[in-house]
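Two complexes are shown next, each including chain A; its partner changes from chain B in the first to chain C in the second.
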Partner chain A sequence: MNTFLSRANTIFAFTLSVMAVLTFGCFASTFLNDNLAHVNIKTAKPIVKNMPDYSVSREKNDLGFITFDLRADLNPIFNWNVKQLFLYLTAEYVTGKNVINQVVLWDQIIKRGDNSILDYHGMNPKYYFWDDGNGLRANKNVTLTLSWNVIPNAGTLPKVMGSGSHSFAFPESYASNHF
Partner chain B sequence: MNVLLDLLPSSVKNLPTFMDFEGQKRAERTFQVIIVLFAAVGFVWGYICQQFSQTIYILAAGFLLSCLLTLPPWPMYRLKPLQWQKARVEPTEAEVTAPPSGSKSNKKKK
Partner chain C sequence: MGFIDNLDFLDDVRRMNKRQLYYQVLNFGMIVSSALMIWKGLMVVTGSESPIVVVLSGSMEPAFFRGDLLFLTNYKEEPIRVGEIVVFKVEGREIPIVHRVLKVHEKSVCFAFILLFILGSLLLLREDGSVKFLTKGDNNQVDDRGLYAAGQHWLQKKDVVGRARGYVPYVGTVTILMNDYPKFKYLILASLGIFVLIHRE
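What follows is the complex of A and B.
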């Protein structure tokens, strides 16, 4: 504290320590939030085709096509410790081959300040709905859920599944491969 | 560096740059109080408007204010300077090696 530079060093170090305490306080004030929200999902036009995914092999696998509607109000999740949400729509189903199949069909980043009231109609998935075999045709129970990662300023990275899911069935027969 | 410092005009060189011990203590206490106060206010305000950036800006304001108040050696930190003893007049080298002849003769007489 006897020279200009030693005082500057002390003030700076003290400020950084206080800033760390504030950041921890910000984390602690939001630690108990459950980050839950209700989601309405609907699907339409489920079609299943049997075609080869040449990026993997020449074998033919089932490829599902759907469009979906999504309604959710995610505004209550945002607070001073949330920078953005990473949403992803997962299809989960059972086949003879695997007990659990999970395919991410669509995702979206919502930054704080963006419109956080989702209201989508007739959306196409972003990613292909490939099965690793022939498990989609006549599958009676494919369940869609919306989940999200909460990206904070400081603290943990919660992964939450929205309440509300939607189940649908794929048709009994393959659609023709002619578009 | 010292060559450059020697080039400064004497009015600049004579500026006091020190803080006394009491002043250093007061300066440290001052910036601690200011920064903690701004941090507390910033935390509450950031929580109210749900913007953590506001908290950081208010803390930065406290940092700047405390820098302004305690970095330069203001006169208020020089109120109790140390009272040094007056410099003693050291005897010159000639006097040390050759004490006055008068005292020598006195010893011999004893």
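What follows is the complex of A and C.
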């Protein structure tokens, strides 16, 4: 039974099992990490307009505009089983129409080896802050949080919210629709 | 010489008697049915109709590449929140899509509704229509409204096949190959079948 094929088969099977064990070890060694970090968020210049989002319908919805500052050091989260972090800035608020509204305003991918110290000032959101209805004007409590989805080389996909949030209020009246 | 060597394995078959041949066939059936049992068992445990999926597109790069493997769960009581990676089906499209949730709006439930809901849940399992959400692929420039069915602006819980919980790279590459080259699939299936039938323990 010492043919070329049987030897190739043995080597292949052994390689596969070694790789499986290593992969599992990689997952097990980082399974208990909490992946937490502190985040500083600030906002400026919240205004709100009332206009139609034509990608959905002709009805007028509230559209919020803000700029934000973001400071965080995410370096401690990275280890050998973190391929990338997917960061996203969420605005969460309550309206008369919906008990829970979550809108992602901005996101970013940080791969291992990229700069993982965030220090942004006066950033514009990446996505439009459309409400589902007219619940942004005079909304007293819109909370911004930064969360991240840890993408491993192999393993679970934890979703972690950074400690430190920021709440702000939208003004009582609509801004004019002219840009 | 080489030709005769190659025929060696046929000797094994020739030396088998009837009883042994039946055994081999039954063994083959065992393998197939236990694979099926594991799959169905996983469906029960995870609550998802397809607990393991292979990533078929590059729309979630660089997180997931083509041929990576995802483990899904789909527990009804777990709420859908922003940032989660969901696998969903759209009417008119066979293949489920793996994308991330970008927006969630959950309707307030007024008192009359709560009463109705309690009564209703006693009678039948409620289809939860109070949550709507929008998705987007990490690697796509725009959200998924263009992918949804005509006139559909939001996804609902009933569209969800599962949420990504675990990730292993590369393991599904063979599936990708089989999908891209159907002949390769038949070759693999045929050779596996022949191997199991012929091979003697």
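In this text, the second predicted complex is superposed on the first by the 178 of 179 C-alpha atoms of A that agree within 3 Å, B and C clash if a C-alpha of one lies under 4 Å from a C-alpha of the other, contacts with A are read in each partner's own complex, and residues count from 1 in each chain.
Going forward, contacts are C-beta pairs under 8 Å (C-beta built on N, C-alpha and C of every residue); 3 or more make two chains touch, one makes a residue touch a chain.
As the structure is a prediction and not an experimental result, all values here were calculated from the model.
Of the two partner chains, neither chain B nor chain C is touched by A:Q108. When both complexes are overlaid on chain A, the residue A:N153 reaches chain B and chain C alike.
When the two structures are aligned on the shared chain, A:S167 is found in touch with neither chain B nor chain C. Judged by the touch definition given at the top, the superposed model places A:K97 against chain C, while chain B stays out of reach. Touch criterion not met for A:T143: it reaches neither chain B nor chain C.
In the superposition on chain A, contact of A:N40 is made with neither chain B nor chain C. Of the residues of chain A, those at positions 23, 153 touch chain B in one of the two structures and chain C in the other.
On the chain C side of its complex with chain A, the touching residues are 62-64, 81-85, 100, 102-109, 132, 138, 143, 145, 153, 164-169.
The touching residues of chain A, counted against chain B in their complex, run 1-2, 4, 7-8, 10-12, 14-15, 18-19, 21-23, 25-26, 29, 79-81, 153. Taken in their complex, chain A has these residues touching chain C: 23, 55-57, 83-84, 86, 88, 90, 96-104, 107, 109, 111, 127, 132, 147, 149, 151-157, 159.
Those residues of chain B that touch chain A in the shared complex are 17-19, 24, 27-28, 31-32, 35-36, 39, 42-43, 46-47, 50-52, 55-56, 59, 62-63, 66-67, 70-73.
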